[in-house]
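All chains are identified by letter, namely A, B, C and D, in their written order; residue positions are counted from 1 within each chain.
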Amino acid sequence: MAVETDADMLVRVQEGNFSIDQELERVRARSTKIGGIAMFLGTARDHSKGHDVSSMAFEHYEGMAQKKLKEIRERALQDFDIIEALVLHRYGPIEIGENIVLIIVGAQHRADAFKACQWCIDELKKITPIWKMEYTPQGDVWVEEHP
Amino acid sequence: MAVETDADMLVRVQEGNFSIDQELERVRARSTKIGGIAMFLGTARDHSKGHDVSSMAFEHYEGMAQKKLKEIRERALQDFDIIEALVLHRYGPIEIGENIVLIIVGAQHRADAFKACQWCIDELKKITPIWKMEYTPQGDVWVEEHP
Amino acid sequence: MFQVRLFGMLKTLVAGSNMLEMPLADGALVKDLVDSLKVEYPELGKLLEQKKVVVSVNQEIAHWETALVESDEIALLPPFAGGA
Amino acid sequence: MFQVRLFGMLKTLVAGSNMLEMPLADGALVKDLVDSLKVEYPELGKLLEQKKVVVSVNQEIAHWETALVESDEIALLPPFAGGA
């Protein structure tokens, strides 16, 4: 599979869906030393904090969101013993069951890959200017995950 | 994507490669309550404990290997707050960079998915009768990961 | 006039607008902006006061002592909720 | 004759064969099998003694006190190395 592997493709905020196989190719193409790849895929649940959700939409701060995801990738590469990391987040309307966010971390060993992958998604939630609107039977709600 | 989702497809030892997107479909199709999916993909490294590796091959104990992977999936479903788990391992010759093992765990929340995914791969290495032959410039070696 | 971008639920506090304008002098601090907002948009002011909403300047989270110029890209950011 | 399956590096200890046969009586214990193996295949016996190789009976790891019958599926398992 021929895919672009430049750093810009490894950090993206995009409206459309993504293929995990294709994104994986970008990471594994970086080195034949990769032996363990940890991934996190966030998907749209039909339920949230006790209420039903019919669909959702994400809004991002164009520019700053990309900048923060880039920071996350760079800090992960610096602070963990890993070889490559990819961080993607979608924006716009998203149906139940669809992909929202993807983190892929390739390392020589699995423990490092897992640690870095968990750190990336935790950090993404903390520092990335992205907001979620949930459409529920009771109305539309902006979600405050970290009040 | 139409894929089989019966339990047999969620635990497999197979010779051929697999598509992560297709395997993911089996897990996410189980419930719209899934919000976090943690995955581990093990790939063939060209380097191992200080020596080069040109390719490898896995041998498994047919029957017992499947039985142990099934046990791992069932214990994961029982012991962790997760919704579905998939465990695949390849056997036969595998080239550098190729897929070897895949774990996918779907949960409502990401922390549970990560914990169970890590447990599955750790447990797989401990209890599954699978052996690795490494082909190296110095000759062929049976690898003893847990001597 | 300083332009201030609004995101997420903050837009609902300002009649659905994603931007507001505040009259400030170059060199004003973020806390001066917050003080002005408290007067014009009490609900917004309260969220800023409680640090539930943070101010970013040129795409970085700003301190209340950060000095502003009119060409700065200023935004008010409610709690983030990305990542699923 | 009891048939004993061999996996991984164990085959290299028995001239590349993936199976060996041992004369044992029904009701013999796993430790009796190990004792016989120590005589016939000293290298294999040593690995069993050191617990580097375990015995499985009907696809479950067996204790040394497990009793065997000829129809059991018996195997010798060297250290596992699956999972990448």
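General observations
FYI, a residue touches a chain if its C-beta (ideal position, glycine included) is under 8 Å from a C-beta of that chain, and two chains touch if they have at least 3 such contacts.
Quick caveat: nothing in here was measured; it's all calculated off a predicted structure.
When the C-beta pairs in contact are tallied for A-C and for B-C, the bigger tally goes to A-C. The geometric centre of chain A is 27 Å away from that of chain C, both derived from CA atoms.
In this assembly, the C-alpha centroid of chain C lies 73 Å from the C-alpha centroid of chain D. Taking each chain's centre as the mean of its C-alpha atoms, chain B lies 48 Å from chain C. Averaging Cα coordinates per chain places chain A and chain B 22 Å apart. For chain C, residues touching at least two other chains, in rising order: 84. Under the contact definition stated at the top, the residues of chain A that touch 2 or more other chains are 35-36, 42-45, 110, 121. Taken as a graph of touching chains, this assembly has some other topology, since it is neither a line, a ring, a star nor fully connected.
In summary, the structure contains touching chain pairs A-B, A-C, A-D, B-C, B-D.
If you check the complex, the residues on chain B that touch chain D are 42-45, 58-61, 63-65, 67, 89, 100-101, 121, 124-133, 142-147. If you check the complex, the residues on chain C that touch chain A are 5, 7-9, 12, 52, 56, 59, 75, 77-84.
Looking at the complex, you find that chain B touches chain C at residues 35-36, 110.
Chain B makes touch with chain A in their complex at residues 19-21, 24, 28, 32-47, 96-97, 108, 110, 113-114, 117-118, 121. Across the interface of their complex, chain A is touched by residues 84 of chain D.
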